[in-house]
Every structure is written in C-alpha cells, then in structure tokens.
C-alpha cells in the first residue's frame, strides 16, 4: 500500500481540503454558537418551577439524548420538505447540530450551576446582594469556570459530528475524502487526509481543554 | 438590638426552635453553646433570615424580620455573618472578596472600597495577602478574610456560626484573637462556639441550647461556676474535660 | 393524507423490527468485545508498562480525535487494498468495538486511578500479588466509579451504531432511509426510527442516572 500512497494526488487536492476544513470549522462553529443559545434557554426552562415550561424542555432534552444525531439529521432533512418547509442542506445541517448539541449544553450548564456550593449563595445573601447581583458576581463566574472544560469537550464532539453532514452531501472534510475516493479511487489518500485534518482540530481543542482545567485549580478548593 | 419573642421554627415535622425568648443589647457579646442539632445554628441564621421563622416575633435593629414584607437586603447589609466553612468566593482575591458587597450594595466607589478593604484586611493581620486567592490561604487566614468581609460593610451586628470548628487547632487562636479585638471595640456579637475559654473571657452572657430550647442564659462567671440546669452541667462536664 | 402513509408505514413495521434487531446485534456484539478489550487496555494504561501505555494512549487519541464515520470508511474502503475483504457487518462490528474499547479504556483507567493509593499499599503489605491486588482490592472499588459512565457509554455506542448505515448495514436508520424513498413522509418515518432508539436508550440513561445517585452517594462516605 505504501508504494500506492500517492502524495501528489493529495497535494493536487489540497485546495479542496483547505476549503473543506474551513467549511467544517464554520459548520461546527455555527452549531456551537447556536447550541450555546439553545442550551441556555433550555436550561432556564428545564429548571423553572412551572411545569408548563419545565416539561417541554425536559422532553426536548431527553428525546435528543436518547436518539442518534443521524436519525435527527434525517428527520429534519426528509421531514421539513414533507411539511412543505423549503430549507437548504446547510440550514438543515446547522439546525441539526444546534438542536442536538443544545440538549447536551443545557445539561452541562445545569450541572455547572448545581455544582456551586450552597454556602456561596448564603454568603452572598448575607452581604445583602440582590438576586441579579448574586448571579452576576458569584454564581455565573464560577459556573462558567466549571463548565468551560465540558463545553470544550462538547465542541470536540461537534466537530466530529459535523462529519455526518457529508451524508446529506454538504461539502466538508469527510466529503472531501469521499470525492477523492470516487474521482480517483483512492480511499486511503482521501480518508486518511481527512483524518489528519480532524486530528489537527482535535489537538488544538484538547490543548485548550487542558489549559482551562489548569486555570480551574483555584475553584476546586476554597 | 435583637429581640426574639416566642420564636418557633419547624423543618417539616422537626420542631427546631421551641419558643425562644431572648434580648441582646447593643454592644453585648453573647456566646451560644449546646450539643450538635440543638438548634443554635438555626437560631443565628434566623437573624438575617437565612432561615425563616414560622411563629413569633423577631425584631432586629428595629426591623421586623418575621414580617415577609420587610426588605431584608437593607438589613442584611447591617449584619455581618461568618460561616463555619468560610464560604469565600473562590474566583476572587481576598481584596475582591471583601470589596464586592461595599461596591455593589453600599455603592461605594471602587477606589474608596479598596482603601477601606485594605485597612480592614490589615486589621485582621492579612495586609500581605490582599491579592491571594482563597485556595492559596490557610484555613485560619481564610476565616479572617471572611470576618473582614463582614466588617467591610461597617455592620452594627456580627454573627459567627461556629467560626473555628473547621480549623486545625493551631489556627484557632489567630481567629479568636480577631474576634476578641472586635468585642473590645464594642461590636454587638452573637457567637455560636464551643470555645469555652473565649466565652469565659470575652462574653457578657453565655447561653446553653438543647433540643430547640434556650435552657440557661447567664454571665460567664455564674454560668460556669453555678449552672442551674442538670443538662447544662452534663454538657459542660463533657466539653470541659478536654 | 397522513392516514394512508401511516397505514403503509405500519405495513413495513416488520422491516423496521428487522432493522432494530440489526442495531441490537451490531451494538451488542461491539459492546461485549469493546468492554473486554477496553478493560484490558485500561488496566495496561494504569500500569507501569511504559511502551504499552504510550501506544494505547496514542491510539485512543487518534480514535477520539476523528469522526466515527471517517473511521468506518477507512476500515471499509482501505482494508481491501491490503487484500482483506470484509463484509459490511463484520467491518461495522470491528470499527464499533474499537471505538467502544477506546472510550471504555479511559473510563477504566480513570476508575483505577480514583482508588486511593493507600489501598494498593495495604494490598501489597498483606502479600497479595499483582493480579490479586487488582482482582480483590482495586477493581471492586473502581467498579463503583466506573459503572455509571460505563452504562452511559453503552448508550453512546447504540447511538453511534446508526453511522454504520452509511456502509450499507441495514440497521434501523438504514431502514428509515430506504423507507423514506417509498413513503415520502420524513417526520413520520424518522419519528418511528427515533421512537425505536428512544425505547432502548431512554431506560439505559435512567439506569445510568440511578446508578450515579446510588453509587455516588455511598462512594463519598
């Protein structure tokens, strides 16, 4: 196989890989931004005292967590047009990533807020801080610190999940491998090159995760 | 300054305060002791309404704490509270911990709040720890920051909930030293503690609680020499043998 | 209009159940193989064998850092270049087992490291050999920490198995994809697909949560 491994072909397709790398980053970045928003809202509703709000949020979170992303993706991809909603593949792809990841984000945020010791809130109450002041000065800074590593973990998952968008023929890194396979019959070159690009994104995000965990040392004691 | 009139509190079925009557005068130092689960922590937590009472009247600094309509944020600013577990904010330095409430609640300009914060931290012996995070401080130092946090609001009352129970023995004294100095300045204080040496030396009165009742309350000379109740005697004999 | 489609869908229910059976077979086999290999790797990884540690660590990183879809394409399309021709089903099980082994390996080594060092010292002091230390002292305690994430990992495995539909394994997702070409009602068809996954995964997630509550509480004491 080594003698058949064709560097020249890879170089020839490098511009394609470059634009596909950007596409992967853009698709998962959009999914990340969207899921942060959806996650905050879903978490707020989920922890609400009113069942009218908390039940639908819980149903959304549990049904997302209990079904595969690919099924969710096909549900939107085949389902929206059958309802007469015309949407582009890109929109469907980002929507699927956002809704899927949003459910996990909601749980991460909930865990972060719950992990703050009750004494922290009591201390803030005792100094006479109002609800909003407590949230802003005491709860949120700690929650963000605690949730940063799992959120970065979720970002890693998002990048990998975006590979599934190739199955609805969106251009991104995995699709580039498929193109090389079908045009030149070179699956090894095609998919291994995709894999290398994914590993580059992964190691960048992993370095960031390690760094964020180190910064958290202050929060673990005290 | 603080007045309990027939105060009751239940946790579900559990009757934790059973008709407390108590008056604390301005400048008085009251030490409350008693076995764990006797309701002494609950007692001082009702004063700034960390716990709500269900029956009776509780008047602090002229305000009706038992009345749900009383705006507590204002009153809480007048009461410093020191916790057993310190509860310092781990993401803030010592100085940030003590200036947060003055800036946010008292609306003091940051400059001024920091000046005052440095002063108070110096007073508790931590002039060199202004920019350390709680995790970088020892237990005794953390508790002194917590006391400074209360003092920075220039409170009329300081409440201490077992301030030395979570500390290693060699750190207890540095915290008691700060509290002693505070008492001599004439601060109104209620201290829940088992440090009987501190009680004997600093308190104006010592109270003993058991099963949600105030069993006995007397000046320390009398309290330690001639306890009137059998339960008080029993309790004292257990903790004084150490 | 939906009535007609619903009837057609109900007629193809046996087809969906066959797909469900395939999903269960692929993930069940991978679960068993992945757990066995994952434990082995995890134990090696928390041992003092440096070469094994480095190799396993690197492999886990490669697998964790790339999409499962790419892994399965690599396996399915590249092995034939070595003269190894795998059918879709064994290729799917192989890829999924490897994925599971990598994640389980991390859970196992984290579990082993969560056992206080004094436990191993005590076991050494009472003269147990390496295997006995692991079997009687370390693993029973580590299992408490490992069980909830392990069950959670099995849920991920079942969900990830949907990706093998891309190489033509006829699992529930693939059945949905084939059906929707005939019955063009995506909401209905993939609603049913989702329901079938939900029926397996939801109870498992609840189990994982319950285990976490029970074991987490007793472990803290």
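Some notes on this structure:
Chains here go by letter, A, B and C, matching the order in which they are written, and residues are numbered from 1 within each.
Just so it is clear, contacts are C-beta pairs under 8 Å (C-beta built on N, C-alpha and C of every residue); 3 or more make two chains touch, one makes a residue touch a chain.
What you are looking at is a predicted structure, and each value in this text was computed from that prediction instead of being measured.
Centrality annotation: A (chain centre taken as mean Cα position, compared with the mean over all protein Cα atoms).
The chain pair with the larger count of C-beta pairs in contact, out of A-C and A-B, is A-C. Separating the CA-averaged centres of chain B and chain C is a span of 53 Å.
If each chain is reduced to the centroid of its CA atoms, chain A and chain C end up 20 Å from each other.
Centroids built from CA atoms put chain B at 47 Å from chain A. Contact residues on chain B toward chain A in their complex (touch as defined above): 48, 50, 72-77, 79-81, 83, 85-91, 100-101, 104-105, 133-135, 142, 146, 149-150, 153. For chain C in complex with chain A, the touching residues are 61-62, 64-71, 73-74, 77-78, 81-82, 155, 158-163, 165-166, 172-173, 176-177, 180, 184-187, 189-191, 193-194, 197-198, 201-202, 205.
Contact residues of chain A toward chain B in the complex are 117, 119-120, 122-123, 125-130, 133, 137-138, 141-142, 145, 217-222. Residues 1, 4, 62-63, 65-72, 74-83, 156, 160-164, 166-167, 174, 177-178, 181, 187-188, 191-192, 194-195, 198-199, 202-203, 206 of chain A are the ones touching chain C in the complex.
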